[in-house]
Amino acid sequence: MKNQHLFNYIISIADNSLILGQRLGELCGHGPTLETDIAGTNIALDLIGQTRNYYQYAAKIQGGGKTEDDIAFLRLEKEYKNVLLVEQPNTHFGYVMGRQFLFDVFHLLFMNQLMQSKDDTLAAIAKKGVKEVSYHKRFSSDWIKRLGDGTPESNAKMQEAINDLWAYTDELFDQTEADKAMASEGIAVDTTKLKESYYKEVSEVLEEAKLTVPERKYFTRGGKKGVHSEYMGYILTELQYMQRTYPNMEW
Amino acid sequence: MSDKEIKSLEAIFEARIARDEKIEPKDWMPEKYRKTHIRQISQHAHSEIVGMLPEGNWISRAPSLRRKAALLAKVQDEAGHGLYLYAACETLGVSRDELYDQLHSGKAKYSSIFNYPTVTWADMGAIGWLVDGAAIINQVPLCNTSFGPYARAMVRVCKEESFHQRQGFEIMLKLCNGTPEQKEMAQDALNRWWWPSLMMLGPTDAESIHTEQSMKWKLKRKTNDELRQQFIDQTVPQADLLGITVPDPDLKWNEETGHYDFGEINWDEFWQVVKGHGPCNKKRMKDRVNAWENGAWVRDAAMAYAEKNEKRKLKEAI
Amino acid sequence: MSDKEIKSLEAIFEARIARDEKIEPKDWMPEKYRKTHIRQISQHAHSEIVGMLPEGNWISRAPSLRRKAALLAKVQDEAGHGLYLYAACETLGVSRDELYDQLHSGKAKYSSIFNYPTVTWADMGAIGWLVDGAAIINQVPLCNTSFGPYARAMVRVCKEESFHQRQGFEIMLKLCNGTPEQKEMAQDALNRWWWPSLMMLGPTDAESIHTEQSMKWKLKRKTNDELRQQFIDQTVPQADLLGITVPDPDLKWNEETGHYDFGEINWDEFWQVVKGHGPCNKKRMKDRVNAWENGAWVRDAAMAYAEKNEKRKLKEAI
Amino acid sequence: MKNQHLFNYIISIADNSLILGQRLGELCGHGPTLETDIAGTNIALDLIGQTRNYYQYAAKIQGGGKTEDDIAFLRLEKEYKNVLLVEQPNTHFGYVMGRQFLFDVFHLLFMNQLMQSKDDTLAAIAKKGVKEVSYHKRFSSDWIKRLGDGTPESNAKMQEAINDLWAYTDELFDQTEADKAMASEGIAVDTTKLKESYYKEVSEVLEEAKLTVPERKYFTRGGKKGVHSEYMGYILTELQYMQRTYPNMEW
């Protein structure tokens, strides 16, 4: 059972990177500038890289000859445990950067803690990832400021995105059973302790960007329990297409 | 400047090129040299940018995480190539926005091969193997071309392209060593990409209008037909190695010439695609134009923000 | 009209309703009756229209051609219901455009159940079985409501709804008789749709503000709590038949009352969703508003064309 | 071999209806008016109904316990033989109606001929379908006129769609090997004979709609040979999702 919790815990971290990487990958060649295309692809690449590290570890725990690709491509929708935030669509560049920023701030706080994990593999993955994530956060924060404090149009668009995406922030701190079990052993990050810093940091950037910090009583959640938004199904149709259509082959 | 003075500058200029000296942006150069380079470098840059689209089409459906990462990295490299090629072009006194405008209005060309659809995963292999393979043959000589910024950009481009080419071949190899479905997928991709790849090396020498001048400026070292022959000679044995068949019944090793003979190229198709009537010309342009137009507010914001920041700094300095 | 005259008209009006006579659009009616009916009928129409979205979400992914056709037909029926409900509403002196405007601006409500996502195919079964089931319980009494156009629309709606309900149950039955994965999919859908379906029958009587007046006008024949009990009593044996478990540990047959006892409903969630903070409220409204806004040029064109045609006919007539 | 040709012939007809029906189905609830939503869904329903008739017949020919759903959902992309026209996206309502109109005119001419087929089953399917298709054509022609002869904006949008879609019309008349073999036996429609009437009819409606009939030398083709546009892959990810993810189950 300890292993099951550890497996579930790893999956829940990695799925965020996979789905966010997948969303960014959709944008390749369709961004507002060549530079943002390069940066976006680079972030996607980092995230897919992290995903592979996590899944390889999870596959080892699972045993039975399973591979990273079995985990990435051959689960049912409700077995993916990413937060709803990362599956939100690329409505426009404000949404892309808003989603990234709201995730990056969390991600960096999280990685900084995961480096302290008693699980050496997770600590090592975090140590490697933390540099990448710092860059992601710098990149997305800069864009929040540019768009928030750019033109009246960009301010409105950025605010719209933040308002919509805000509903998905609280779920970042939800604790699953696996979270709690693993935290008690010093393996998992206690996400509840990140919440205050998160909203403080996020609010500071938004304020600097001349954006209003949304006030919200109600939040939307579900992904961590495997109940996703209607977007997720479509993400999976593409993500899984090859592995489902041509089962048991090597690529 | 008098005609005589220009003639003398031209003579010095041609002599420098003959001595294999590099021409740098601040050097004097004939207007035609400048224009030809703007045309060729920007066309090359556009090809990188448009070339992101057919491969980008398979990122979300890549069959393994390893392949997804490699494909992301490849498309990112192409964007990078675009970036330094545009930069090389800008040294000739044209802005990236102007160049985009030429692309979006249909005035500038890009490599016609990207107007074919990528319909299976094997196309990611075939593009790397064949399209990048043909590109390298075109581009390696350009590492020694006369215009410095272009030559230096090409050194970097070529290094990455040969990595891409090997990666593409490896995708094909995996398919050809896989199940019958996979091997069939590889064969199907070769069938669809073979002829367009041959066309990629340009019209036959008889039809090629820029060859002579380009040779002199070292924008070209071999004729299109020579490059094509080189590509065929290099690629056919690789197809044999993969165990798939080049879709040309006339293809045959010629002991006498030491080259492969090959069948007639369908130049009608070539010109149809060049003129904008290929399977994906409209889609590629729509995708680029949409990206550009939908991104206008983002670029405006970045500009406005930079100006505000400039002012803020100025205020602080006072 | 004097107050006295109005009072007398009202008395006649109430007497007609008491005698089960139908009120028709051209008949005199109290302003409050008109307003209440506009609110309820349009809310019902909006629910049909918004209700197309969660089911429309699975048309492209339906697992068989038969199911795809049935789902298309069902969504089409819902659009049809919307159409005649809007028409019934228009007889009360309000235009469809005004009603849309109320929906899009968030002024008008629609059934909160459609703010939950449809995440698996089994949701197509659960919606038919539970959501349409609850709707029928709400709507059957309305076939005898006092306002003629509404009553007649409801006769047609109810007939189709019970077909949908049977169809939904049949989807569930097929899943429950299928593989373990399929049965689990059915159970999972029941888990997610059970409580929202109970909430669909409205707030508890204590919180319900419109009940008394609506009873008098036969817009309501039973209280929300009575309807909910009826729904539970009817549905639990069906779940037993399917072999899946209603997700309520407190659910128990009560011999004494002859009804099922059931657990506490999470009214916080209910009000959260009603107030616009459910999982899909924003998405549903964006989809509707986008459809409307993106369609403006089409409606304008149809209008312009009709006017031109009118003029052409007039010219011919002269 | 005769059966193989007949099978291929049926598939190539039916795939057009399947893919066009699928495209229309995507629009449900997202159209410009309730009435067009109802009509569009209705047309989709007719097309899927026709598809089922064809595939059921094809499945019988194929034997081996295959069903309509095996044919609909479990082929590889290159085994679908629909024309490129029907897979074009719902870019805007002008494209939806343009695609429909350019197909309907062909479809009705085709069905009228197929009623004469020496194959009784095909003749019967055509006899049933011809009424539906006449309605489709009336509906789409009416909209071409409304949009073409509506406002300047709608005229421009409709013209844009016609210009883009025109490149896919010529493929409608291409003959595959199966076409030729079956036509020689009086089973298949000789599509080459429909071409003149087609362009005449289409041009008349376009002219009445104050639209310019495109002049075009080059046409795009490929679908009938199984080489599709890049849109097709995405259509299939959704179409096949359930059958690929949950193989060998009944629904």
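In order of appearance the chains are A, B, C and D, and numbering begins at 1 in each one.
What we mean here is this: a contact is a pair of C-beta atoms (placed from the backbone, for glycine too) under 8 Å apart; a residue touches a chain by one contact, two chains touch by 3 or more.
In UniProt terms the chains read A, D = Phenylacetate-CoA oxygenase subunit PaaC; B, C = 1,2-phenylacetyl-CoA epoxidase subunit A.
The model shown is predicted, which means the values in this text are computed figures rather than measured ones.
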Worksheet item: Starting at chain B, what is the smallest number of hops through touching chains needed to reach chain C?
Response: 2
Worksheet item: Which pair wins on C-beta contacts, B-D or C-D?
Response: C-D
Practice prompt. Provide the C-alpha centroid distance between chain A and chain C, rounded to the nearest whole angstrom.
Written response: 37
Item to complete: Scan chain A for residues touching two or more other chains and write them down.
Response: 76, 233, 237-238, 241
Worksheet item: Tell me, which residues of chain C touch at least two other chains?
Response: 61, 181
Worksheet item: For this entry, which pairs of chains touch?
Response: A-B, A-C, A-D, B-D, C-D
Worksheet item: What part of chain C is in contact with chain D in the complex they form?
Response: 49, 52-53, 56, 59-69, 72-73, 75-76, 79-80, 82-83, 86, 121, 171, 174-175, 178-179, 181-182, 287, 290-292, 294-305, 308
Worksheet item: Which of the residues in chain A end up touching chain D in this complex?
Response: 76, 233-234, 236-238, 240-241, 244-245
Item to complete: Can you check the complex and tell me which residues of chain C touch chain A?
Response: 54, 57, 61, 117-120, 181, 188, 192, 272, 275, 277-280, 282-283
Worksheet, complete the sentence: chain A contacts chain B in the complex at 22, 25-26, 28-38, 41-42, 44-45, 48-49, 51-52, 55, 68-69, 72-73, 92-93, 145-147, 149-151, 153-154, 157, 238-239, 241-243, 246, 249-251
Fill in: Complex interface listing, chain D residues touching chain B
76-78, 164, 167, 217-218, 220, 222, 227-230, 232-233, 237
